[in-house]
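Labels run A, B and C following the written order; every chain starts at residue 1.
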Amino acid sequence: MLNQNLPFMILATLSVFSALMVVLSRKPVHSVLYLIFCFFTIGGHYLLLNAQFLFAVHIIVYAGAIMVLFLFTLMFINLNKELEPHKSNLVKAAATIVAGTLLLVMVSTVTDTGNIFPTQVSQNEVGTVAVLGKKLYGDYVLPFELTSILLLAAMVGAVMIGKKNTES
Amino acid sequence: MQLTNRSEVVVNKVMTFKERLYFPAIISGLIITMKHLFKKRATVKYPEEIRPVAPIYRGLHVLKRDEQGRENCTACGLCAVACPAEAITMTAAERKKGEENLYREEKYAAVYEINMLRCIFCGLCEEACPKEAIFLTDRILPSGLNRANFIFGKDKLVEGVSNDARIDISKRTNAHRTD
Amino acid sequence: MEFIIVKFVLVVVVFLVSLGIAAYSTYAERKIAAFLQDRVGPDRAGPFGLLQPVADGVKMFMKEEIIPTHADKGLFILGPSIMMMTACMTGVVIPWGSTLIINGTEYPVQITDLNIGILYIFGVVSIGVYGIMIGGWASNNKYSLMGAIRASSQMISYELAMGMAIIALVMTTGTLSIGEIVKQQQGMHWNVFVQPLGFVLFIVCAFAECNRTPFDLPECETELVGGYHTEYSSMKLGFYLFAEYINMFISSAIIASLYFGGYNFPFIDQLGLPHNVLTLLGTLIFFGKVFFFIFFFMWVRWTLPRFRYDQLMHVGWRVMIPLALFNILLTAVIVLWQNGQFN
């Protein structure tokens, strides 16, 4: 069983390690880079599940676009020890409770799933472009279009905020 | 005052649609550079190929000898006086017995130095010389890394005795002739 | 087993060819620059200066390796490595030729034909941004950081328009696999005739993605001392510069295969030559196309001046993206009309 799952085990170890390093590393830029690495390992999981399209889109959108913007902002504001904001104990407590609850939810989801080790590399075609496209524009056309409208609204909002206020 | 007919008055005119497309301008630019691809190269590959210089080119100096191999210079100092850059210094000495085959007249320059970093190659030393001893040639001053090496003494200035060591200055002297 | 050997040989060959072409691109760049400026160019190292890339490489290796004291050492080394790695990774999905038949088995002259080939290229290109950003930030130098920020914002902006130009192409071809796209352009059915606007958009974005003039703002020597690689020296600098040339080679190959028929050439079927000969001929012609585009990259570089930064952003966001969207719309209408959806 171990032999079969070797790629999965390696990837999983790497993703857990990098996810931990996101939280534990001292420099914000290092955190972001570990997060990017984490995204790559998760992309690897997608590949193991035979979801190549999802893998490519995951890399392009998350690692390629969103994290670049994160890195961008961090480079500009140049966080360092002197400027590190100190949170009050109340905020820390609230954060702990929220994170703990989230962990609880995750753990319960995982335990409900039953078999967390996929016994073999998935051979289904759900993740390939053709099948995914048919699914998205067939069974799930309404949620898909609603999402696109939501994104459009967000984009319009961003443009409105970004516009210079000519009246005042 | 208009100096050339190429000057253009700057106007902040709005570009037409054709100009704002950029592509016609870019293509015409590409055609211009493409034409240059087939033009004659302007480069002269120096060590193999030397550009022709004018006959009156003023390069490195030479201290001439006469036909019998005797130095022409008598250390009169007129060149040093004429030199606008004050690059020439010399020390005169008297010719001893038995040195008649070395120096043409009784007085000669024991030391004759030109500081090539000061020299502006104007050729006034050559014009001032009454004995036809110093000439400027078409040789080029070599570059160097050390200031001291640019003070040329007699060892570098005086031409050799043997026939093939003589330095030809006829091109320059003939060019000066008006007849 | 045989499969692995064939693929391994192909990977090594593609890798070496990419490196060789990139090395000689530096020589070609200098020669073409010289010719376009009525000069001779490097001609001292070997006959016609052909050994110049070797001399440059030796020089790069011999130079002193300097890592600034306040630099983030790990990331400082990681930057050029990422750059070089991503540059070499893109060559995997490009079909260098049709198939070769050896002992009755058919081997494609392509390392792997992913069914998401185009997306793979986009993924790799988008990772390439990190090489510049990390390198620029880790140098701990204002000029480097400015160069890195310029570079990454430029690359993100033009990636969008590039993706949209490709979407229109994918709509007409109906596949994301580059091998399949090339196969569809059999003979003279090149995509450039189907997607002229898309091609123009794509090539402009390719210039911007490769940081080539007129979009060479990330490393504009006259403004930024050297851009994101100001603090770099020795072979790490060499990697950055080399990666640029590999990127140029790969972009030329992508342009040639997506829009100019790849290894296809007119009258390919009328020649009546054996299959393997046709494949080799096709590969040669493919490289001819690639070399033409490399030349085009250089030709443009020595013709056009650099954009100003606001002009760059203006072109990227307010010209290229609307044009790309228009192209998508137009393509969609035409595709639907051809499928008879309007009748």
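By our rule, contacts are C-beta pairs under 8 Å (C-beta built on N, C-alpha and C of every residue); 3 or more make two chains touch, one makes a residue touch a chain.
These numbers come from a predicted model, not from an experiment.
Looking at B-C and A-C side by side, the one with more C-beta contacts is A-C.
In this assembly, B is the chain whose CA centroid lies farthest from the centroid of subunit C.
Separating the CA-averaged centres of subunit A and subunit B is a span of 73 Å.
The mean-CA centres of subunit B and subunit C are about 51 angstrom from one another, to the nearest whole unit. Computed centre separation for the pair subunit A/subunit C is 29 angstrom, with centres defined by C-alpha atoms. For subunit B, the set of residues that touch two or more other chains is empty. Within subunit C, contacts with two or more other chains are made by no residue at all. Within subunit A, not a single residue touches two or more of the remaining chains. By the touch criterion given at the top, residues 72, 75, 114-116, 119-120, 122-123, 125-127, 129-130, 133-134, 137, 145, 148-149, 152-153, 156, 159, 176 of subunit C touch subunit A in their complex.
Taken together, the subunit B residues at the contact with subunit C in this complex read 23, 26, 29-30, 32-34, 36-37, 39-43, 45. Every residue of subunit C that touches subunit B in the complex is listed here, in rising order: 35-40, 43, 200, 299-300, 302-304. Considering their complex, residues 27, 29, 33, 36, 52-53, 55-57, 59-60, 63-65, 68-69, 71-72, 75-76, 128-129 of subunit A touch subunit C.
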